[in-house]
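What follows is a set of structures for review.
Consider the two complexes below, in which subunit A is the common component and subunit B and subunit C are the respective partners.
Take a look at the complex of A and B:
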């Protein structure tokens, strides 16, 4: 029922038009693809291709020396609405792309690609790029993970956070041994320098709040193993699940808001346990010395250099290298939002997003996924509300609850329409409103089903009435049965 | 290159390391932690231990989207910032401080839970913020503060002034509530300890072992958040979090009649190390001589110093153990403060505090009653005024015309009365009075009430236990016997510095009276079911006989052989030889 329409403009630069093009430029073409979700429902993805040739300005921009410069020059010439893509087809021999790469994905919403020999290869390549830059089948399936039967999803798809109107990001520095280490971190500067640009970009998706704290005497729940060879301590991968629980009790998760919390923990191991390294499943040390927990956050172990001379006085003063730490945390943040750049074919070249930490098309990626997820959430919420009403017949629906339900339905319908028109931003806003309204209706205190007296207990109260009344009825029934039996016997006697 | 850098680093560390100001070399810290323990033997032979942990943060909590916490707990900081709290005072107490016998407490709290909060003037809907705040606090402290609603919240006009920096005392920004039924236990202590930067892992908080703390006559833990002046010029605001905990141990009963005590006896722990984050960590022991000439008690080990101060109108001497001084832990690994009495103390010379009070319920029957409050001023020659705050739940209907205040046989007219009548199921009675207490006098305040009938769903579980009426609050500036010097608040011990002292001649005291337990007429809660049962049974019996009458088929039966009696009679007749019937 849900149709996701991605408007894609395919621009052919001179000399790149394949010979076997079905129609003369410009023309339109629609490519549809079914993404199965479960037995009953599926999502249709639909790429609305508009083929045309370059304008003079674009030609000039494509004449740049490198792909990055071309990308920057082309940016002001594109349609920059959310969700729309522009692809420039270059001649096979173009020197704009480095040798061996066929596709270059820029910082914004455009890509450069080589024409390939025929229309068939070009279309395959176009589809691949469009999926990378908008949504893949697995991303949609992950967004609908509640409805997909278990076992069909890879663990990676369960990693990303649920869609929410806001998130709270908490950076915590754990110093279990303040007697030996005085740890200082310039978190304020680091947040401003590294985290804020990313969150500014993400502010379209949700509200973010950032804070930080330092926790002393907070220890991990696992005693690390001492490794003689490297004279260091090791945390093996299978013990990592036990690390978080004792720490979490002290994190003091949000009391004042209802948004999910993303925790990023920097752990400075105590002196008697340092250096501490995390091992992966094969026993090799993890290069970043960090791990993340799906939908929860990440932990990084920050080892303090042992003093060269043992008589150096305690406590040791440690200044945390925030660039190193934030690099890891931001990578984890991307993972938690499902923006992994790992599954990219080798002939693809992705432009690094720079200081913003996030390319425009990655933002679109998030928006597509969150819109689909929001629509799914709303329909689940409203369905369970309807189920509740079916179960309790005499429940009272107040006018404001009813109007919230109507608003949720209207918003979700408008979101679906907007999606099928390719208006990503409008669809996302509508889906957000639908979520807010449906949650407000669902969590209305008047709909608590415990407020309603269950029918079976009403019967229980009237047992003193029903039981004695049933006795004569049952007795006379028994009598009737006995008599009818006698009567049936009597005729045989008569015979 | 790397080697050289490492060496340089070490050099830097060595240069910066052993400074006098521990740990915080290089960067200037904007938050500080001070902790202190006051041990005071009480006149009755009990021992009171008062812990105070003060976190001061030189930052403005109100502004700034990004907040970075170090020593100040994030949970409370966010609360203050999000809800526009200017001042927050929460106390959870088990037991009752007997002022008459134990003397003036450093910090008293009413039995149960007490919460009073001043909001910022920018808060538009104070009631909503108050509701939200009490809900969040009940989550943080695992207490039933979520039961605070309009039926137990009052807005006092005179009793509760801001303790911190404030430039306006519009009392509409104040909310005050007491839950006298609240039971305080371990689950409230654990989150309280978690707010301390060192937790209960190091420093004085090591002593806070739940099984000992709740095996005591009085236990009160509190959290006070307030803005204070950053320095003497008071141009900037700092935020202060004070966590206090007071316990009273009864040693006379448990210690075979001896009044000697030690840290280990009280807490079953000793102090072994300090919290590395604390900039001050001290233990004070009250060793003030009761009468001038003879020293009655002896403390060991020898204290680091002796501190003399005038506290609550009395000249006091304290033995001070500074845990941060390196000499303390040099001689022994741990500190176990002990106190021995040189000769048995005669209990006749028990000092009576200048101001104390008592309250009880009078009257008989289940319809009317009387609340009596006795306030004592034992000062030999000075009279002083006291503000009395009474909050009474709506189901006790106060008759204000019966309010009488009698001192020394004469009527005492209060110079200020604020009375807010209750509304059924909406808000409680609030009565505030400013009463002048003449020197050496007892003032008796009585007011009559009528008990209301509640709806049957409004009774709490176990309604025959009775209904609590929260403590009434007495606030007074008590004239002191000995003159006080003005001291720097930052330098003086923490237990003297929560309430501001106005001038040298008087000191501020806030006392709480006993909570009251009032019996309300309670219905027989099983009655509806009994009625249902009875009527149902009657209806069923009627129905049964009626049904039988209607459905039974009557037919005349010929007597065939007669009943059992007849046969028996025939057997007997046979024996007798008489013809059968």
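Take a look at the complex of A and C:
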């Protein structure tokens, strides 16, 4: 019943129109595809393609020297509402894209692609790019992983963060050896400079709160091995899962908020265990020296250079290079949200999003996945609530619970409608409202089934009370009935 | 290919929770508190942090006036191991351990004022360990000598949890008399259950300590704990070994287990999937490239905090909700007139049967 509509504008620059185009430009076309979720339900994805040729301004913009400049120049000329896409088709021989690259995906919501010869190749390429920039079938299935029958999805698919109204981010500096290192990190400055732009962009998706702390004498759970060849200490990949546990107990979290917490730890190894490198499965040291755990956060090891002279006075003063650290942490934040650039085909060139942290189309990715997930959650919650009410006949629904339910139903219907019209932003907001209302209704403290006695409990309690009391009553009633019957017969016998 | 096969047998959980409940009051039930605290110690040792453990103890043995060794709870004769320790974090203590609170923790229907440490904030990728101990019977478990939880209620609570996907997999362990009756009624998927005794059997306690004067532990939990002492966070021991713990010769009762609702084969389920907290990790291979010369964005936070007015007391309460909500549903009582009518009926029948002349004394 859910239709995901993506408005796509395909713009042909001069010389790129394929010969075997079915109709003359401009024309519209709709491509629908069923994404099966389980036996009973499926999600329909619908790409509304509008084909046209370039305007004079667009042609001027496409005459730029590099793809990036062209993209920047085209940005004000395109429709940049959330969820829509614009694709510019360039002639096969165009020099705008470097050799070997067929597709360039920009920072915003547009892509430049080579024509590819025939209509069939072009259509295939368009579909691939459109799916990359909006949602793929597997992304939708992962968002709806609750409903997919077990066994179809591997247990590792749904590892990105669940859609939530807010997230708490905590940056922690772990200094296990304060006698040797005095570590200074300008976390406030780093948060203002590097983290805030990313969170501002993500503010459409959820509320974020950031805090930071420094923990002393916090040791990792694993002792690293010394490797003579590289004269450094190594943490092997299979010992990484046990690193987090002893630290986690000391991390703490805000007592007031119920939002999921993302922890980012920066670990400065002890003097006696420096330098410390993380090894991947093949035994090679990891360039970022960091690892992350789905739905939890990430850890980065920051090695301090050994002092030039062995007689340098301890403790050494360490100024952490926050830019390098934030590059890794923000990359981990993207991965935790499920935004990975790993499965991109080689002939695609993706523009780096820079300090914003994520491209506009990646933000759309998140919004599509979260909207679909929210709608599925709301329908599951309301169905389960209805089943609970059916089972316990005498449950009392308070007025505010009822109004939350009505509001949730109205919001989710509005979200589904907006999705089928292609208004992603409005659909996402409606789905967020729906989730808030349905959770409030479902988790209302008054709906505890314990408080409403099932019928068999009533019988179990009252029968032992009344049955012994009822026995003499019933026997006496029987005796009365017998006596009155005898008396009615007697007058005929007496005088 | 081997990676894929590994993935298939692994559990898909990302975090672990534990709900440990001791339901008995009074000094002579010392062993139940010791049971629960020992399981708490093991679970903490294997990695689950306090923030992910909900510990409910119905009585305070460490500070009980009858405890000859105050501030300690021992689980072994000769007072080898003090399971109370310095860093125990009890979330629900004493009279807060009620059936209602327990079900509220499980289903999440908690009043909004409850602090985070008293909540079970699990999600669809949480593996939860639920351990209960106390006095039980066929189909029920006694809470604090004043109320019971039936197996039907417990099964319904788990179903509510499943509907809202509050767990990925659940391991339920119960150490009471006739413990197997408590898991008979489960019907939600992904639940594995272990009990210390079958229906009709009693679970026995392990050994008394003459210095303290009470039994210190129950047999089943004692042998389970011995088994858990061998487990470390990286061990690969699976559930089949846990099922073999405490055979009849040691335990006198027959421990039982139930795995028909569980999707994976117990052979492939690691003990640390439930008792420990082994996280799945991935190496970070991507980095973002940041422009280092960017000017700092004006920090908005401190100004916002200063500008807000102090909240008045009334504004912090949901006044609209309080005013407009209907009065709370009271417990169902039969109407008063009914009782009176019933007694009137009894008296009338009495006098009718035994002669009307007695009625003259009334009127």
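Operating definition for what follows: the second predicted complex is superposed on the first by the 443 of 495 C-alpha atoms of A that agree within 3 Å, B and C clash if a C-alpha of one lies under 4 Å from a C-alpha of the other, contacts with A are read in each partner's own complex, and residues count from 1 in each chain.
To be clear about the criterion, a contact is a pair of C-beta atoms (placed from the backbone, for glycine too) under 8 Å apart; a residue touches a chain by one contact, two chains touch by 3 or more.
The structure presented is a predicted model; accordingly, all values stated were derived computationally and were not measured.
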item: Which superposed partner A:188 touches (first subunit B, second subunit C, both, neither); value: both
item: Touched partner set for A:216, first subunit B, second subunit C, both or neither; value: first
item: Which of subunit B and subunit C A:355 touches, first, second, both or neither; value: second
item: Partner chain in contact with A:305 - subunit B first, subunit C second, else both or neither; value: first
item: When both partners are placed on the shared chain, which of subunit B and subunit C touches more of subunit A; value: C
item: Touching partner for A:202 - first (subunit B), second (subunit C), both, neither; value: neither
item: Subunit B versus subunit C as contact partner of A:476, first or second or both or neither; value: both
item: First (subunit B), second (subunit C), both or neither touched by A:461; value: first
item: Touched partner set for A:178, first subunit B, second subunit C, both or neither; value: first
item: First, second, both or neither for A:87, with subunit B first and subunit C second; value: neither
item: Common interface residues of subunit A - those touching subunit B in one complex and subunit C in the other; value: 188, 249, 252, 254-257, 469, 472-473, 476
item: Interfacial residue positions of subunit A with respect to subunit B in the complex; value: 170, 178-179, 182, 184, 187-188, 191, 209-214, 216-217, 249-250, 252, 254-257, 305, 307-309, 312-313, 315-317, 461-462, 464-465, 467-469, 471-473, 476
item: Sites on subunit A touched by subunit C in the complex; value: 145-146, 150, 154-156, 158-159, 162, 188-189, 192-194, 196-197, 200, 221, 237, 239-242, 244-246, 248-249, 251-258, 260, 278, 280, 286-288, 290-296, 298, 300, 323, 326-328, 330-332, 334-335, 340-342, 352-355, 357, 380-381, 384, 387-388, 396, 398-400, 442-454, 458, 469, 472-473, 476-477, 479-480
item: Subunit C - residues contacting subunit A, complex; value: 4, 7-8, 10-12, 14-15, 44, 47, 49-51, 99-100, 103-104, 107-111, 115-117, 119, 121, 123-125, 152-153, 156-157, 160, 163-165, 233-234, 263, 276-292, 294-299, 321, 324-326, 328-329, 332, 342, 345-346, 349-350, 352-353
item: Parts of subunit B lying in touch with subunit A, wherever the complex brings them together; value: 6-7, 9-10, 13-14, 16-18, 23-27, 65-71, 73-75, 78-79, 82-83, 136, 139-140, 194, 197-199, 201-202, 273, 276-277, 529, 532-533, 536-537, 539-541, 543-544, 547-548, 551
